[in-house]
Amino acid sequence: MTTYPYPQLNPPPFVWQKETGVREPKVHEWIRSLSPGADHVEWQNVDVTLLGVPLSRSSISASAASETPHAMRQAWKGFVPYNLDYDVDLTPLNVVDLGDVKQHVTDIAWSHKAITDAMYAMRTHHPNTFPLALGGDHSITAMLVKGWKKAHPDERIGILQLDTHFDLRSLKDNGPSNGTPIRNLIESGTIKGEDVWNIGLHGFFNAKSLKEYADRAGIRYVTMRRARQRGLDAVIQEALLDLKRRVDTVYVTVDMDVLDIAYGPGAPATTPGGMQTDELFTAVTAAGRDPHVKAMDIVCLDPHKDVAQATVKAGVHTMLSFLTGFYLRQHD
Amino acid sequence: MTTYPYPQLNPPPFVWQKETGVREPKVHEWIRSLSPGADHVEWQNVDVTLLGVPLSRSSISASAASETPHAMRQAWKGFVPYNLDYDVDLTPLNVVDLGDVKQHVTDIAWSHKAITDAMYAMRTHHPNTFPLALGGDHSITAMLVKGWKKAHPDERIGILQLDTHFDLRSLKDNGPSNGTPIRNLIESGTIKGEDVWNIGLHGFFNAKSLKEYADRAGIRYVTMRRARQRGLDAVIQEALLDLKRRVDTVYVTVDMDVLDIAYGPGAPATTPGGMQTDELFTAVTAAGRDPHVKAMDIVCLDPHKDVAQATVKAGVHTMLSFLTGFYLRQHD
Amino acid sequence: MTTYPYPQLNPPPFVWQKETGVREPKVHEWIRSLSPGADHVEWQNVDVTLLGVPLSRSSISASAASETPHAMRQAWKGFVPYNLDYDVDLTPLNVVDLGDVKQHVTDIAWSHKAITDAMYAMRTHHPNTFPLALGGDHSITAMLVKGWKKAHPDERIGILQLDTHFDLRSLKDNGPSNGTPIRNLIESGTIKGEDVWNIGLHGFFNAKSLKEYADRAGIRYVTMRRARQRGLDAVIQEALLDLKRRVDTVYVTVDMDVLDIAYGPGAPATTPGGMQTDELFTAVTAAGRDPHVKAMDIVCLDPHKDVAQATVKAGVHTMLSFLTGFYLRQHD
Amino acid sequence: MTTYPYPQLNPPPFVWQKETGVREPKVHEWIRSLSPGADHVEWQNVDVTLLGVPLSRSSISASAASETPHAMRQAWKGFVPYNLDYDVDLTPLNVVDLGDVKQHVTDIAWSHKAITDAMYAMRTHHPNTFPLALGGDHSITAMLVKGWKKAHPDERIGILQLDTHFDLRSLKDNGPSNGTPIRNLIESGTIKGEDVWNIGLHGFFNAKSLKEYADRAGIRYVTMRRARQRGLDAVIQEALLDLKRRVDTVYVTVDMDVLDIAYGPGAPATTPGGMQTDELFTAVTAAGRDPHVKAMDIVCLDPHKDVAQATVKAGVHTMLSFLTGFYLRQHD
Amino acid sequence: MTTYPYPQLNPPPFVWQKETGVREPKVHEWIRSLSPGADHVEWQNVDVTLLGVPLSRSSISASAASETPHAMRQAWKGFVPYNLDYDVDLTPLNVVDLGDVKQHVTDIAWSHKAITDAMYAMRTHHPNTFPLALGGDHSITAMLVKGWKKAHPDERIGILQLDTHFDLRSLKDNGPSNGTPIRNLIESGTIKGEDVWNIGLHGFFNAKSLKEYADRAGIRYVTMRRARQRGLDAVIQEALLDLKRRVDTVYVTVDMDVLDIAYGPGAPATTPGGMQTDELFTAVTAAGRDPHVKAMDIVCLDPHKDVAQATVKAGVHTMLSFLTGFYLRQHD
Amino acid sequence: MTTYPYPQLNPPPFVWQKETGVREPKVHEWIRSLSPGADHVEWQNVDVTLLGVPLSRSSISASAASETPHAMRQAWKGFVPYNLDYDVDLTPLNVVDLGDVKQHVTDIAWSHKAITDAMYAMRTHHPNTFPLALGGDHSITAMLVKGWKKAHPDERIGILQLDTHFDLRSLKDNGPSNGTPIRNLIESGTIKGEDVWNIGLHGFFNAKSLKEYADRAGIRYVTMRRARQRGLDAVIQEALLDLKRRVDTVYVTVDMDVLDIAYGPGAPATTPGGMQTDELFTAVTAAGRDPHVKAMDIVCLDPHKDVAQATVKAGVHTMLSFLTGFYLRQHD
């Protein structure tokens, strides 16, 4: 055992992150990391598992969304797990970071399968934890939902989507790209179109045929303009009220390009006329409170395109706002 | 005739843009380009003509607004001509891009005259099309309106201006610069002061004497603060209701510096406290619906100063939002 | 005496700034600069003194807030002293820029003392002027208020703080850093906790123990979410109504990180979910109107991190909006 | 046939690019574009065919190298086809731009095969033209050389590589990524290790085992330090002299990360200590002169990371410098 | 007379700049500014007059070169007037900054005439000072040389040009733009082609016809490649040796785009393969030493495009290096 | 003990960094981190200890040099410990990262003392290791050398400085700031002026009086211009040859602003006309080879100002180049 002879030194930074006994942790000191040698994880007590999904090769346009799990882990060192708006202390929640799903450099199908397998493994080994995935691009949503379905074949799954786009492009065009996840899920029989609510669509970014496809499939959607008029809180509650009449599980997917380009400059397909961050935080807090919501992902954020770190910070805030709702679900 | 022996190649990009038979075009595939060899333009069927006006030498401060027509043509490749907010498909509109007005490198008066001539020629040859100009700096508005007046000397013309500034500086200071267009039009007798409505003024960016000039000239204005309280929709309708009691033609001019600097970082004179993009889109959609509105320009956007392409995208969205109103004017 | 033989030359720029007889000045032509040789300052007529406090060595994270006084002086050359929103001409206000407090490169305690001394000297020599300090980081607020207290030991002082943070960290951790000014003032007995109102707190950026400290100390606070629902105007008035029942002097401190990161990218600790600039301008205009408000500072703005100059311009607009209220205080 | 009624208008920009009869073209007016309807390409007269290969999904780190063919086509509008350094007019060279190889969004193997097929088709249909490919990442080199080998199975192929890296990673790690092309070619039997010359390696960016692999495989290499001491011209000539004793065809591949990071900030893996641009231009001009050099590619340039367009312009200059050598090969 | 009661304050920054008695000034404290009320300028003792020429409306591409005089005046606050390389103290030189030539916002011909008039006035009033102009774009060189010629009609004037371009475009194309100054001077009979030396040309940035024009006109030029091989020092001396056999006055013009894009990212037309800054400093120091060199300008630097202030700092360093030579001319 | 049930997951990134048994590590896998619980550090086998010194509050101008130790630790994940230029494998060197010296937020004297204490502790506990400090600004050099002197009072210490500046400002001006370290050491009697060699000075960035101070103190210096003519290798060897005739220990200090601004845009005081990176790497490799060199620091690098990460990467490369020399010292 080495004694540490330098009282005037800080130990190297990453050691400090593991310090226990800190009364008031930063987010990275509260979220625990799973590692091969980590023992004594009592899985029955874990509330939420975080899963990085660093895949952006399946994006239609060039994207570094693969860098998001790392960028968010860095950025949340600047957040504390206490939400002043709601006076909620998140630290009683037991959150474990599982690390990243392995990805292949040149075999996207392999990567997609690994994502499905990861969700399946999580549901099989630790069915009582809430999985929260950090993408990656939007193609991963189809893979994650399929993994859930494989683990729970009898469940009916609904989707609550915050997005500027329908994500209903045909798989015939480019395979399972980031423009296709909802169509992929419908056409593979994983979900029904009527079990999808999309909130935040706007502007000139969805071809008319996709809107017609949505209508034929029975997809429900609320444009940004209408959602703002009614309040995001109310719209989310209406969507969940409708969904839980039919489905067993609601999966929430947040495409960060739902944000206005002034608020989310780092989401590759973000545009003017979108959601403001406080609206997004309200929406996901509302979603987090509902016990039917059983999984979530945050996708399509490219840290390389970010300005002043605004979008990465918004991504972390989205995750923590959702967890605030999750805490309230358990304690209200 | 060469056969094309490479099934695995895309033809060069700009050829692909001309593909016909695409069921669902992007904006650049819907808007047609006029070229010397282009035949079969049936002018009687053209609804809207776009005109690039790449002049920024007449700006008071250094500006690359001359690059905007090119930047917007590049950026609208990322938009579709279907407006989900209003469920409006723009493709029935017949829109032709005439290209750019020739500009002289060292003779601004020559350039200004060419702009006036271009509007005159458009009104003379094809009086049934709606001209929509993409600046360039704000000095071009005076030249375009003068071209209209030359073609229609008996018409009374009103101006609906969205701007942070009055643009009432004296021509004696710097000649017909971007600070002068409204005063230029009034003092040249092209329009009357009482036929100008300016919406969006705010803050500490107009000298008191300009406000006094506006008052003396009978110009109507609504500050950003008041416009937001009443809703942009209502304010635009009030302005148009007032104007069309007196004028034959309403010319709409959008200075992109009306936007808040968070939404329009690429407009050279943009400031905090301005309009949000969704407010701007609401305003121009409302303006587009009114049949008295017969011409429009979008000016003072400098792509070299833009951040995350936010302002250029906002410029394109402004144009398409206006055209949505224009479509509704014909079909409601 | 040299005659000036070049009719076609502008004299060097800084001379032009001193031109008198300009009917409509820009802000830098209206605000007067105090210099060693400047005579005829009739102090009894001075309304407001500006004081640069270029200290950011006391910031917890790396910051160039020391550059803000210079950056704001440069930026206000683009503003006029006429507020169109309120039709208020600021030029009757007699505003003098005293320059910057001397700072030491390596002795922060020396610098802090100089700041306290500067406020004390101002209050002693010219007690009828309103001091408005341009930081610098938030540590300076404690020093400025202590200087006030030293000059007016019998006054009870209240604080109106616009901030994302409580600034209640313990001085034991890092000394009098930018995270500590309010606690510093309370624990030194300069103010009472119940005389602090903090408006704009939000999100995951204050440890729970700081909130508990605030509660024990009797600090009043309104989160951003609630302030927006009720309107900034109303919240400020409520705070002032409460404070002036007890205190003689209200000191206003604006930490620019109260802004949302989309509006204030250049404030080091700015985050998503914060205040919009028009809300901030409304708030400080309201504060400026109240005669109990007797001093102000604007802090924690790092021009090196700014994007499109948005935050520096917002800082200037904040100062001018406050002065609009100050003018109305005298003339309503 | 429409007459063009606007003498004061420029026709839309892209039409002007096709103007014939311009005595002194810019590069984009000299290089011809192949399009489906383009007739009268007399293939026997074509000297060089350009081929865009917009693939960067196979990069180990996030990259937008896929955007390079488009970015270079835009940038060469600012170059003329006359090299003042050598007094060489390139316009007698007949250069045709074939457009881009089709790429799949999610199936990299499909994309790789299409690249091989494209080279095979070019060699089969028009064996007398010189193919010059614009990547994309470095994985494409293996595919292009395999396409050549398929068309010319009896030829022995050598590689002249300008690169900071060996590109000898094992395919077992990540499949055929951008770290593997040379190893891929050796282990697939397409080339022999002794027929590879790598020039420009330096610093701490190649694992020792890769250097040992290179030594065992017989690869020849010259570090940047030594190449600079001897002059790039001399080193290239030595390499070619050695190669052409054994091989029929030399394939030149330029990884733009061979440049020093001050000269090539937009190459994802660029580092300090690399090549200067004038050294690179000297090297490729020398390579272009040798008739054994029969194909070339330029890879690993990410326009999204570029600063001041320096790297994209360097890419275009590299292509034109090579073509200067190619012209001299025919005319000296 | 106001006493200055604040010992702990710095006076406002611009006052400090005028402090006399500073033993070791910064550049801005050494260079004196001419102002309307400045008396006691003993013109017979002035060595060098600086003249800002803020014109960039005459540039072919969008440019903010008009901002350069201001940017350089700001930047030289970070330089001292002592050249360590040559152990030369510049302070004995008497340098006066005349300010900027007035420019018109919309009348370029007016601005050009004012530039010619300014040079004429300088030569008429104070013929013994050395004029050094800070552009502005390259069109100003023609105007300045014409002003010299007007004042000294019998002198034969030679040009020493450091440039990537010939600047020999026809005035028929765009009028007297930044691509034309040398041709303008030749065709107006102001200079003879054989009296022009251009050093630093390179690459693919001059049309062949311009090179042919140069040859017919007898212009001498040395490409960058050859200049580097022989050393900039030697090349400049050879040029001056040749010129002074024929001409009375050598005018030096430095187009900052002669720099490599890595060294001069802020010059609009800068490219790879250009001059390094130390080569440029060597060249202008050599030019400054020769008594036949009687005027100079530095042009085509756009501070808005600069990266890390590298180009603006290089511009200041160029001016000071030239003045080092000028000092040695007087004292060696 | 938890089994790790997710074969398809990567464990969290920081765990992977500690993997042992990796045959070919990246730099961060080779350099070991000292942590409180780390046992079995056999100090007698440690060759080099790295020490982060995150202090930039003592800089004259605003600087985030405090972020450099963290930025370099992140950046060296992209380097391997094998130097291809010299065929040197660094992994036999036993390098331990001690972490960062504790710094106080508001008490610079405390921080300075902690730095001295840290060096003293290192020399006392483990006198056989080579300390290599990562700044921080240049003020730390004085503190580190004083710590060495305190541990070895009888040694005569020489300084080999690579810098654009003398760093000889008076401590009376600003206390022990980053402009003073060499003067501080001389005037405190820690070193003698004649034992300082400064290489790389150039341009207009040192006041004449500082040069005169240097001359009086006997400091030796070689300007950049002369050093380049003779080769950095030769200059370093001459300096060391001279120094080791007199001193026991040579301390090497590299101020990153010695780099030309094109190569080191992220060093706050960097300028045109400086050192190129390959020259710097040559210089420090030469210094590393000499056994009299016993300590080193790298200072004045501000990651917040960096462009394309060029300067941070250059900092890491400087450290690794020095260690290459250090390895050769032991093995040649």
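Per-chain numbering from 1; labels A, B, C, D, E and F assigned in written order.
Just so we're on the same page, a residue touches a chain if its C-beta (ideal position, glycine included) is under 8 Å from a C-beta of that chain, and two chains touch if they have at least 3 such contacts.
By chain, with names taken from UniProt: A, B, C, D, E, F = Formimidoylglutamase.
Being a predicted model, the structure only gives us computed values, none of them experimental.
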Worksheet item: Among the chains, which one keeps its Cα centre farthest from the Cα centre of chain B?
Response: F
Fill in: Copies chain D and chain F touch via same or different residues, half shared test
different
Worksheet item: What chain lies farthest away from chain D once each centre is taken as the mean of the Cα atoms?
Response: C
Discussion item. Centroid of chain B to centroid of chain D, CA atoms only: how many Å?
Written reply: 42
Discussion item. With centres defined as the mean C-alpha position, give me the chain A-chain B separation in Å.
Written reply: 40
Fill in: Inter-centroid spacing, chain E versus chain A (mean Cα positions, whole Å)
57
Practice prompt. Among the residues of chain C, pick out those that touch two or more other chains and give their numbers.
Written response: 262, 305, 307
Worksheet item: Hey, which residues of chain C end up touching chain B in the complex?
Response: 23-24, 27, 79-85, 87, 89, 262-263, 277-278, 281, 307-310, 313-314, 317, 320
Worksheet, complete the sentence: Seen from chain C, its contact residues with chain A in the complex are 201-209, 211, 223-225, 228, 260-262, 265-266, 270-273, 305, 307
Worksheet item: Contact residues on chain A for chain D in the complex?
Response: 56-60, 62-64, 66-67, 104-109, 139, 173-177, 304-305
